[in-house]
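When the chains are written out, they are named A, B, C and D in that same order, and each has its own residue count from 1.
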Amino acid sequence: MIANKERVGMEFKTNRIEALNDGIFAIAMTILIISFETLFQQPDFLNESSLLSLISQLWPDFLHYCISFLLLGIFWIQHHNHSHYIKGSNTQSLYINIIGLMFISLIPFSASIASDYAHLRPAALLFEINLLLAGVAFFAYWAYASGKRRLTDDSLDAKTKSYYTRRSLVIPLVSLIAICLAFVNPRISTMLYLLVPVILWVYK
Amino acid sequence: MIANKERVGMEFKTNRIEALNDGIFAIAMTILIISFETLFQQPDFLNESSLLSLISQLWPDFLHYCISFLLLGIFWIQHHNHSHYIKGSNTQSLYINIIGLMFISLIPFSASIASDYAHLRPAALLFEINLLLAGVAFFAYWAYASGKRRLTDDSLDAKTKSYYTRRSLVIPLVSLIAICLAFVNPRISTMLYLLVPVILWVYK
Amino acid sequence: MIANKERVGMEFKTNRIEALNDGIFAIAMTILIISFETLFQQPDFLNESSLLSLISQLWPDFLHYCISFLLLGIFWIQHHNHSHYIKGSNTQSLYINIIGLMFISLIPFSASIASDYAHLRPAALLFEINLLLAGVAFFAYWAYASGKRRLTDDSLDAKTKSYYTRRSLVIPLVSLIAICLAFVNPRISTMLYLLVPVILWVYK
Amino acid sequence: MIANKERVGMEFKTNRIEALNDGIFAIAMTILIISFETLFQQPDFLNESSLLSLISQLWPDFLHYCISFLLLGIFWIQHHNHSHYIKGSNTQSLYINIIGLMFISLIPFSASIASDYAHLRPAALLFEINLLLAGVAFFAYWAYASGKRRLTDDSLDAKTKSYYTRRSLVIPLVSLIAICLAFVNPRISTMLYLLVPVILWVYK
């Protein structure tokens, strides 16, 4: 069966995986907004001031929307950069990728809970554990593909490899700190993710 | 009209079909989560313990989410592998593919029913018949394309062809067993699909 | 400004247009199912027989789902075939395409109305007028692109051109007949679309 | 770290960014319709005349749907044209793009508010500020990429560059005027966007 295993290996192109990932990221990013709409499901006869106050109550939701969108964007940029060096796929890498996408698809749900119940610890923890698991899966994808040059070629030197390995640990590590912080203050713990783009920007 | 028929045949590239399939799989996988959100549609004034109990009640839903996501992922990996050998399309193959996608798009719906009413036989049967039909359509796509080398080229040898044929029978066969099992115990019958990745892993 | 106009012309590749279209078709096809879920929004404490009767009441919805999915599939196959010959884009063709997609995106909505109120004339007419307009826009796209060889090259001979022109008139013509029939019997008029794949199959 | 920075620079292809953008545009365009469906969430026992009056009440919504769809289409065409000249990406351009997409994804939400409460100033302003921000982000993307030839090559001459710069200012400028007009008449202010395709058509 080794022959089959090899056939399923490096020889497969990665363009389809990229298409599936791009699609799932695009949808997850777009349906983040759907949780907003529930606020407006009961269209009462609103007047100008009541609508204005309804919209202004959206600001915390909007902040959470920005954080979640940015995190999805950062995951996508990471995957985009990794894909540049990953030249093939095998069954293992496909499964790790599917598991990573499973947690990405959960983000719109856990983000809407974290946004609706920002002051409650289980809501913040759900969001942060979700991001931790997504982050670990994406780290594992890169570690598996680049480890022992399984699915990368010579264009990836040791320095670049370690550079991307370190970067893909940022979201998992921030998540771990956020999870601890959630026991002190749930509301602040989810705000911690605003550091992620800053960290990635400074240590580039 | 034979001339036209031939023109519609092998000459067309398959990249568009792949894009449509990737898109539909990405969306089906992402909207699996939407059934979760209904639970939270009536945002009562929850406190920490009531939210925690609400989230912990989600575990069976989460398990069903994982199963459905994994099955969609496995269908996608299968299609991804088949596409590697399928070099063209004709009217027949396009229609078989559209019918397959029709059943794939139904999965978020039947999965949400199977998850909400896990203990009821009709819910489990709906999900399992859906997967059976999707599985048969994807098997038919591969059988049609690879049979008589209709849409494949010389890179597909007999051994590989039979290898993929056997693999694409796994979901239909497990579905048949699950349908029988549903008459005994609906809840366990949908869990049977957890065997699919194991079977595919062992017999690779 | 002629220079600019030319620059915006043939030189642009069509791969992005195809990607946008594939995406919109994939989503429209997948969210057809969302109208199903509303039936199950109020999860009462169902027992086996009440769930079974609820599912069996879905059959007319399922038939409508199949018709709409198939029609979207046929539109997509048409666009897929046309794209094979269309080698470029200009502002006009981009706008015609956007207008076509605007009516494609409406189909999940008008289909859900036509399915929920199958016996009412305005519901059937809404669906049929929607398909008429989508069909006319897609016909216009092909007619514009292939007319005077604006966006096609020499690989498109007169016979093939007229072959695809005739085929892209099938949905508009069936829609016109269905609109007339809706005044007699709304329920049967939407079933008329089942003829579309038959007609396309016979006259290929 | 300069080496890393350069590596992340021009060398990366733009096909993935295009795929993400195409996906997000496709979804945003398709879920514009979802706000329609809420009107029909409570399926009362309608008769022919009550359904007809319900559908005819949709006309203002349909007009807003057309405007939003067209604006998304115009944004997409713009991005499509810009991409023709942009040959690479770097961290800055990826982030500007993600921020632009964040505002694009908000459009289905703000459009549904603007449509449901067309006569109320906060609703119109929300929609117009959203379009202003999206327009500015897309302008910034082009200005950044084409400025100092950061991410474009020699195929972009000064005249074409300024041509596209001017065009990408149309939506921001119309938005500014619409915002002012909203204080006089909210309903008319959102109609102002019907001028956008006209302006782009005349000054091409």
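The rule is short, and it goes like this: contacts are C-beta pairs under 8 Å (C-beta built on N, C-alpha and C of every residue); 3 or more make two chains touch, one makes a residue touch a chain.
Owing to the predicted nature of the structure, the values given are computational and were not obtained by experimental measurement.
For the touching copies chain A and chain D, the fraction of interface residue numbers used by both falls below half; the interface is of the different-residue type. The rotation relating chain B to chain C, fitted on Cα atoms, comes to 90°, given as a multiple of 5. Chain A and chain D, compared by their mean Cα positions, are separated by 24 Å.
Centre to centre, using the average C-alpha position, chain A and chain C are separated by 34 Å. Listed for chain A are residues 19, 22-23, 26-27, 31, 34, each touching two or more other chains. Interface residues of chain B, counted against chain A in their complex, comprise 18-19, 22-23, 25-27, 29-34, 36-37, 40-41, 43, 46-48, 51-52, 55, 65-66, 69-70, 73, 76-77, 80-81, 83-84, 160, 163, 197, 201, 204. Of all residues in chain A, those touching chain B in their complex are 1, 4-5, 7-8, 11-13, 16-17, 19-20, 22-24, 26-28, 31, 34-35, 38, 91, 94-95, 98, 101-102, 105-106, 108-109, 112-113, 116-117, 120-123, 126.
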